[in-house]
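Each of the next two complexes has chain A plus one other chain: chain B in the first, chain C in the second.
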Partner chain A sequence: MNFLLPLVVALPLGGGFLLALLPGRFLKFSSFFFVLVAISILLSSILLLPGTGYYEIGGWIFPLGINFSLDGLSRLLLLMIALVGFAVSVYSASYMDLYTSRIRFYALFLLLWAGLNGTVLSGDIFNRYVYVEIAVIASYILVGFGCAPHELKAALKYAVLGAVASAFTLLGIAVVYSITGTVNIAQLAARFSNFTEPVFIGSPAFFAGFLLVLGFGYKSAQAPLHVWQPDAFSAAPASVSAMMSSALVVIVGIYAMSRTVFTAFGVVALLCWLMVFLGLCSVFLGLYYSAKTDRPRRVLSYQSISQVGYVLLAVGLGGIVYSSGESLNLSIWLLVGGLFHLLNHAFFMSSLFLALGSAEFNTVDVDCCDAGQGIFVDLPLVGCVSAIASASAAGIPPFAGFISKFIIIAATWAAGFPFIALLLVFSTLGALPVFYRYISRALQGQSPVSRRPVTLLMKGSLIFLVVLVVSASFLILPPLRSAYLDSAAVSLLEERPYEEKINEWEKIIKDAGDSDRKTGGIEQ
Partner chain B sequence: MLPYILALVLLLVGVFGIFTRKNLIKIIISISIIESAVNLFLILVGYRSGGIAPIFTARMAEISEFADQAVDPLPQAMVLTSIVIGVSLTALLVVISLRLHHVYGTYDINKIFFARESDEE
Partner chain C sequence: MEDNRSLIIKRVSRWMAPFIFLYGVYLALYGHLSPGGGFPGGVVVAAAFILILLARGEPAALSKIPYAVAKELDALGALLFLGVGLAGIGVSGVFFANFIQEFLPGQPLEWFSGGTIIINNVAIAMKVAGSIFLVLYFLSVLRISGEGEVGFSSLEEK
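On to the complex of A and B.
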């Protein structure tokens, strides 16, 4: 199945460029083609689920060339992006009636998707940076897609600060290269594990990790760096907000960050503490601001910050517990909780944003939608989907969101951080009234005048997503959990990827007496 | 050591520019300055004094001789990629600024971001 690996990046990239060439009058054909590309990406992602492996791009042998690698974590995330992306594509095919030049939208959306898939698969940190840039630049344009002043302002804010964050990420990569002489993640893992001195504050490795965590943290909208996110998610078309909150933010943020800190650097406790700090800040700031506002888009945006905070917190704590060497089992549970919450977040956030988008589609009265009063009164299906997704997001017992939060809190308590666990219990309870208010306001009062009926395609994708929200609970049953979630957590924590092959290469390099890189390098 | 310090100074100049300038065009220029500083740093990482260009020609008999003299080609490849990313980002930012200029008639971010709603079309 390894031949499919480059395909999941090539399909959206090629499809996007083909669509960009089409003139506007081929609208029907391009919508059809767009959904077809989405289905084929979904199919190849499903086919990739059973296996692991790597693919050498252009035939350059493994640690020397650029490669794609698929392991327990990346195959799961690949499928998650594909499921959400498929639902959002079908939805956009009729939701984008609200906007002009839809073919450009399709092209940019596929470009975003290609960037995300590339970020998940690429096996070296520099190429990961390039794919992150592809995804993020596409998202800058998509945020400002409507070209109204407030949309352009949101895009500008996001893009200017994003450019700075990207530059610092690249600086971090340069520092990593200067201390290890490689950017391949498998090789980095081998070389960092040979470092005798630990990573301390002020060491070059810590500096590089710090820059990378902050750079990726900006893109995942973690609390002190979240300023762009509520504006961007309020301004973007609903389908873009859904794709960004569920896939972009976690892939180019949390996935890229944890791959760097865990796999490449080999679980550095200091950097994990930084992740925990960012996560805890986002959990509470997101909750605080979502409780303060009434505007539905902003409630959802701030809640998204808060929910992603749980994921980052759990992953960071898992790293701390693992590096202290106390209990491997507990650290795996923390990571399983975090990853499970990541998947749940993707499903319920995309349902919430798409449901809200349907209400906006239904009426052209923007002010009324902005107030959030009575927007779901005339739309029983949309209201129902929102209620179920909110219940999962707020952590109400039978739903998957409750299970993942429960695992995170219980494992945090058991790992010896009762204070953080109590804070999390508090914030989980705090999310309940926020979602209750959001739903009850939307279901009461005068409904806005209906202009366009919600189409069948939009309803279909909402039902698809709400089925995912509900059925995500089954992932935690033992056979599925050990097959997917546990193996994802283990691949993040324990695996040194392709260890034998890398060791072989390290030996060849050593034998060749290649010592000049560190000694004869830069000093003049 | 001096080139590294100069690259750092350039980086700080760019960061200073982004947070103090009020003109959108100057902010975009500051972003380009930051990108150049990072590119410079990458080049410095691969540089060796008196090195030759990393092109293997027929004049060199041995590959080891080449490896002893050439500068590291990998950071140069990275810089090339990063320049392309930087250019596309700059182009995008300029386009967004132009669109905003059409609406507000100014590049001043204070006037753009704190404009009253009634000023917007």
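On to the complex of A and C.
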């Protein structure tokens, strides 16, 4: 199975560039090929689920060369991206009838997917930065895909802010390299754990971590840095909004951030507090703005900010509890809650955006869709999918969204942060009326004039996603939880990846340095 | 559009462009032995076409490198690079393994000594040359056709 590890990046990359070569008249074939590539990525991600390990690209030995590493967390996220990406690809094979030059869309979408898979797998922070750039640069273009003035404006805003964020990230990586002399995550973990001086505000290590958290926070649209997100998600094609909200924002933001703060830096409490601050801000600002607006795309975008805030908050609190050394069990529960909510968020947000996109596909009346009144009246299936996904997002008991929020709130309370837990209870209750109003407005009133029927492919992918939304609850049952969620949390918190291999290597370097010093090989 | 570019610039660019192009190819082909490599080589190759674009206008540049060719160069370069990586799996079982080096090592400091590095450099040069030329070309197209309307309308007509 080991050769599959580079293939999950190579497949979408190769598929994307092959599609970019195709002339415009092979439209049917290109749609078919696009879905075929999506299915093959999904299959290889499923095959990669049982194992862990690393892959040395080009045969260069482990800490020296570029490497892909697969652990408990990354295999779970790889599968999540593949499931959502597969549903979105099948959906856009007929949804993209609304747009011209679809082949370019397919090519860019596959590049976005390759960037995401590479971000999850890459074993050093600089290559991860490059993959993040591949994903977000493809998404800049996808946001402005319609080429209408407001869409281009949103894309430009996103691109400019994203470039600023990339500059922060790159500067952070440079500072990390100057402190430790390496960018390999496993080696960073070993060297940071040997640091004797503590990380305090004003130390170079904190400065580097602060820059990295800020850079990734921009891309995950966390609250004070979220300004690009509602515009971009309103302007983009619905399938792009779905993929971005469920996969891109989470992977290049939350995953990259927590990999840095937890695995590379070795759980720095100050940076975890920064994550908690960003998370709390997003939970409440997202809720406030989603309650203020009536336009469906904006309600969903702000709700997405709010839900991702829960994830960041839970992960940050887990880090704080872990570094205080009080209770390992509680910190694992906080992380499990956060990761479980991350998976749920991916499934319900993508189905909400795709359902909304079906309503926009059904009618040509853009203004009516923008107002959100009666858009689901003629579409029973789409309305049903929306209602179930909203129920999960709002945290109504039998659904998975309730379970994950409950775990987060209960563990926060038990960890000794009752004030934050109460705030989260309020925000969870506040999300109920927002979603109630969204669904009830969409199901009442005059339905807009229907032009195109929703196709079978779109219906199929909506049903696939809603099955995922419902069946995600099973992930919390003990055998599945200990196999996937717990191992993901443990791999984030406790594992020093490939410790023996790294120690061996550090010893080789040290010995070489010593013998050189004896013979005078290196001038001091 | 009135062509008011000076005769000197047109003449000199006509003489310079082939040498710049050749220098770019040299940089790409000898990148593993001397300073240079795929990226700088590709940029210099693109610079030759950009010089023609700036000095003699869009039609002259497109007669040297048509839009479709630049687009295909862009995609083919990336595919060639990926193909080397996949061939590594096929021949040696490792992604991006230097499989030519294993079978035909070559003399150090000779031109044929890097194995797949030469192919990779050429692939990167193709990709970079195509895409950098296209970026500049799109900027010029959008400026010429951009009377209020945003989009690629002028391009689709061609």
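We take it that the second predicted complex is superposed on the first by the 513 of 524 C-alpha atoms of A that agree within 3 Å, B and C clash if a C-alpha of one lies under 4 Å from a C-alpha of the other, contacts with A are read in each partner's own complex, and residues count from 1 in each chain.
Simple rule for what comes next: contacts are C-beta pairs under 8 Å (C-beta built on N, C-alpha and C of every residue); 3 or more make two chains touch, one makes a residue touch a chain.
This one's a predicted model, so the numbers in the text were calculated from it and none came from an experiment.
> Tell me the contact category for A:L152 with respect to chain B and chain C: first, second, both or neither.
Both chain B and chain C are touched by A:L152.
> Answer with first, second, both or neither: which of chain B and chain C does A:F3 touch in the superposed model?
In the superposed model, A:F3 contacts chain C only, not chain B.
> State whether A:L480 touches chain B only (first), chain C only (second), both chains, or neither.
Neither chain B nor chain C is touched by A:L480.
> After the superposition on A, what does A:G59 contact: first (chain B), second (chain C), both or neither?
second
> Contact-wise, after the overlay, does A:I141 reach chain B, chain C, both or neither (first, second, both, neither)?
Touch partner of A:I141: chain B, not chain C.
> Which chain makes contact with more of the residues of chain A, chain B or else chain C?
Between chain B and chain C, the winner on chain A residue contacts is B.
> Just chain B (first), just chain C (second), both, or neither: which does A:L36 touch?
After superposition on chain A, A:L36 lies in contact with neither partner.
> Could you pull out which residues of chain A sit against chain B in one structure and against chain C in the other?
147, 149, 152
> Which of the residues in chain B end up touching chain A in this complex?
Residues 11, 14-15, 18, 24, 27-28, 31, 34-35, 37-38, 41-42, 44-45, 47-49, 67-68, 72, 74-75, 78, 81-82, 85, 88-89, 92-93, 96-97, 99-100, 103-104, 112-113, 120-121.
> Hey, which residues of chain A end up touching chain B in the complex?
Touching chain B: residues 126, 130, 133, 137, 140-141, 144, 147, 149-150, 152-153, 155-156, 159-160, 163-164, 166-167, 170-171, 173-174, 177-178, 183, 514, 516-517, 520-522, 524 of chain A.
> Which stretch or stretches of chain A touch chain C in the complex?
Per the touch definition, chain A meets chain C at residues 3, 6, 10, 13-14, 17-18, 20-21, 55-59, 147, 149, 152.
> Could you pull out which chain C residues touch chain A in their complex?
Per the stated touch rule, the residues are 71-72, 74-76, 78-79, 82, 85-86, 88-89, 92-98, 150-152.
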